[in-house]
Amino acid sequence: MTLWKHELRLLLRGRLSTVALALLAVLSVAALAAGMAEVSRQRAAIAAIPAAQAEDIAAVADYVDRTKDAGSAAYYSFHPTWDAPSPLAFAALGMRDVSPYILRVRALGLEAQIYDGDTFNPELALPGRFDFAFVLVFLAPLFVIALFHDQVSGEREAGRLRTLTALPRGGSGLMRRRTLVRLALLWAVLAVPFTFAAIVSGVGIGAILLILAVIAAYLSFWIGLAALIGRLRWSSVANAATLAACWLVLVLIVPTLAHVAINRAVPVDQGAEIALAQRERVNHAWDIPREETMRRFYANHPRWAASAPLGPEFHYKWYLAFHQNGDESVAGQVRAYRAGLERRDAAARALGWVLPSVGVQALLTRLAATDLTAQLAYQDRIRDFHRRLRDFYYAYLFNDRPFGKEDFARAPVFGR
Amino acid sequence: MTKDTPAPILIDNLVLAYGQHRVLDGLSLQVPAGSITALLGGNGAGKSTTLAALLGFVRAQSGTVLVAGVDPGMDPDAARRRIAYLPENVALYEHLTAAENADYLLALSEERKERRIITDAFAAAGLQERAWDQRLGGFSKGMRQKVAIAVALLREVPVLLLDEPTSGLDPRATVDFNALVAAVRDRGTAVLMVTHDLLSAADVADRIGFLEAGRIVEEVAASGPERFDVRALHARFAVAAERLAA
Amino acid sequence: MSATRLIARDELRLMVRNRVAVIAFTLLVLLTLVAVLSSWAHQRGNAELRARHQHVAEHAFDAQPDRHPHRVVHYGHFIFRPLGRLAAFDPGVDAFTGSSMFLEGHRQNTANFGDVRQSSLLVRFGQLTPAFVLQVVAPLLLIFLGYGALARETERGTMRLLMLQGASRGQVVRGKLLALGGVALLAGLPAMIGFVAIAGQPGALALPMAIIAIGYAAYLALWVVLILLVSASVRRSRDALLALVALWAVAVVLLPRVAPDLASAAVPLQNRLQTDVAIARDLRRMGDSHNPDDPHFAAFKQSVLKRYGVKQVEDLPVNYKGLLALEGERLTSELFDRYAGKSYAAQDRQNALVEGVGVLSPAIALRSLSMAAAGTDFAGHRRFLEQAEAYRYALVQRLNRMQAEAVSYSDDTATDADADRRKRVAADNWGQMPDFTYRAPSGAALAAGALPGLVIVLGWLAVAGLLLVRASRRLGERR
């Protein structure tokens, strides 16, 4: 035990190591604070939805109540959906700064609504967020390099290596102790603030333990790399330069190269094409007999087929039917688009198995539900909700039931 | 320790080669308890390799090495537990104080001493009291060596190995250092020093071995008919060095 | 040969003999080539794709059958942000902003289908572009090659030896500057050649291209000076390396991430939901065209009747519904402009804050310079959004006017079986609607946007140069 205490004292007396550890502690606390602040901003924005929504819907209800037309209600009512941040989101904000976490939809064609974004400043999003994942994936390896690049070579250059190895407990055991002490300290300055923040944020114990293990594993990877370079018996300077170059390649260059390669290998151009095609199909309905539209709609949705035939006047059930027809006509393209996105995501994840930097980032954003998968899951929830919205309004429209003020309160609510 | 027990440093017919090159070629050497042997020899004569073999850094092809009865080739840790070693350039931790350095090195030797005992050793090694709790950053080589020898004294091991201990020391410090080594010897420790410094060797050693091409070519004792004659030794040493250079 | 050039030659020889240095330099050149090629292909592919989509959208618009003008208002138009040639050098925020926009009446839609939402998580690790290589990777290479330039001489005591042989401190430092500066030039050259090749005929873009070239040259020169400054100020080369890598990590990696977080915390943006609700609220206050008793529209109706000297809307020579649509669109667009203006102003404030941090990090300053000159910064995106909104408004109002003039009020309000046919306007009208053409900013405008960043980078260079002069005066004094 006393040997460990000695190593600790020796390390903490060094200026470089204390400054490095203190700096990493400051950075991880700052990143956690920034992440928690961002998540609480997002929570506040979600919490502010009902008030704004109530005001908006009240005005629509006032207007619609004059005609009691369910179609107007469907046309003018925007229904909010939201993707609440998971408890762990503060640690890895992932795509939450560029993908919307609040989206209002109407019972009209969903494909023209679901890809909309929220307001964000692209210049702020460009460099990426300063969150815990960034400190761990990008910065922590630099601290490993600072603390480990001269573990053996430094002793050799100082002329102490002989003295130490001539001591009974001064050989490889000593280096193992030093490695463990440094690893433990680096781990602690990342893990302790993280655990505190995670407990405050209500993260489950399983996820906390998993991430604590990931931190240790990721640090160990870099320490192992430093040990490997150290084996070449180069000078401390050469070790530091080599390790920094490794960092550059593993953390910056290979991921950016892989990004280019993946986007090249899996082209996803269909996004804009879906929007163009859907618009064409929807608007085409104005130029063909309305019965044709209804026939097609009823064929896919026989439960509404018993509805009264269309009269000469405009009827919203026709309007909503051709919107839904438009959505359904691009379903194949939508699936292909989504599959393309998923393939890109899967390819990046596969890279994560061999590239720890990418692997850790992927794992953290997955656990925090802030990655593309989570974004697509949110879209799925929007689609489910949108289905319920359609069913809700169709029940009035296709049965010609009046839609009064009190019916607005019966509309489906997202997440319930 | 009595005269009957085997010598704490015992090397017999040691052969050690790196590839084709035999660095030690049938080296035999015994350093009894309570005595100092100096090994003199030119560059490449095998002095450092001899120390490395005793410390278990290198393993011999054939022959015997025993440190207080332990084969360092088989069990280096056990051998090192019985050895105090002073390298040529004593380098300690600059950002620790003298006392902390002693504390740390003792811990790595699996020993723990109270502060009073450590400071006694410092005093015995001639380190002034005001230096005990100073960081080593500003110490001279002599002062560093005093810290190291104090640690060696504290370890109470049967074997002390010294590698060029007096190179770079001023004459006054050399005299002080030799007195300390003599004091360690008088406690019953077997001391082996390898050195270029004939004067210093003659001053403190009980026996001097001349190492050449990996074996002892001549041995002289401090007592008896072969008393040290510095002038003769110097001539002898110079010839050996010349032969080696050629 | 002068002492300065001798020292430079010596330093270069040392670098050439250092195998790691040569490999690193070769890798940088290869990386630049890959970046230039892939970035160029990406830019060209995207520009072509967008042009194709634009063409499809325009064709679809023109090919509409006979339609009621208000149908066309809702049929809307798709426009695609064209991608300038300089975007191949520095795509800036292009991946983060949507490239396609749907324009329709009474609604302002977002630009959608940006790369960032269509890519794997790797997109957040950075994008491999010539700008990225020069901003991020090249300084690190220079650090590896130059950290020891002076520290090594001090550490080994050869600094005094050089001085004993008659070289002045200034000559030594200038020699090292020459050597490392030459390497920096070589490192930057492939990217610059690629840049010129990509941008093709400079023409109107000569000025922003020159600013980019000067900016990156100053940036790399700044790193050369900083490296020698640190190398002159520390005693051991290892300390120089660690200090420089730390400096690089803070300036190039850390601050560019921290600054946006500070900016977004300091200046919050209103999200779309709140904006939409606020616009709807303001619209109800200004005038609700749905409400027959609305004072604004009642007054509007009176003024129209008065202007035409008639008693009721049925007697108007024009279609009152069209006039109503014109007035409604005018009101909503006014609000759109006001709210968009507020949001742009907030984003400008955020970007100004980040640029302020650029005083601490030359990498941030260079990045803004580079994006501004390439026209791929927020201002460039805003330019597109504003032109898109202006086009949207003009198009919708043109259609509304068409409704007022080409569709009679009686037809427009009729519900008989043939009414639908009578309401429609001939298909040949759609082809006569002007297409959206993005007006690219002038080279001078781009260059002006890049000036603040250039000033900061040059300021850094001047300060670092002065500090180097001061630090080199003490070279060789201590060991």
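As written, the chains take the letters A, B and C, and residue 1 is the first residue of each chain.
We adopt the following convention: a residue touches a chain if its C-beta (ideal position, glycine included) is under 8 Å from a C-beta of that chain, and two chains touch if they have at least 3 such contacts.
Here the structure is a predicted model, which means the values were calculated and not measured.
Of all chains shown, the one whose average CA position lies nearest the global CA mean is A.
In terms of the distance between Cα centroids, subunit C is separated most widely from B. Remark: subunit A and subunit B have CA centroids separated by 64 Å (rounded to whole angstrom). Inter-chain centre distance (subunit B to subunit C, centres taken as mean C-alpha positions): 70 Å. The distance from the centre of subunit A to the centre of subunit C, each centre being the mean of the chain's C-alpha atoms, comes to 24 Å.
Among the residues of subunit C, none is found touching two or more other chains. Partner subunit B is touched in their complex by these residues of subunit A: 2-3, 6, 9-10, 13-15, 158-160, 162-171, 174.
Listing the residues of subunit A that touch subunit C in their complex gives 16, 27, 30, 34, 37-38, 41, 45, 48-49, 52-53, 55-56, 59, 63, 78, 80, 94-95, 98-100, 102, 104, 112, 115-130, 134, 138-139, 142, 145-146, 150, 236-238, 240-242, 244-245, 248, 251-253, 255-260, 262-264, 268-269, 271-273, 275-276, 279-280, 283, 286-287, 312-314, 341, 344-345, 347-349, 351, 357-358, 361-362, 365, 371-372, 375.
Residue ranges on subunit C touching subunit A, taken from their complex, read 20, 24, 31, 34, 38, 42, 49, 53, 56-57, 60, 64-65, 67, 71, 74-76, 78, 80, 92-93, 96-100, 102, 109-128, 132, 136-137, 140, 144, 147-148, 237-238, 241-242, 245-246, 249, 253-254, 256-258, 260-261, 263-265, 268-277, 280-281, 284, 288, 290-291, 343, 347, 350-351, 354, 371, 377-378, 381, 415-417.
Considering their complex, residues 55, 57, 76-78, 80-81, 83, 85, 87, 89-93, 95-96, 100, 103-105, 107-110, 112, 148, 161 of subunit B touch subunit A.
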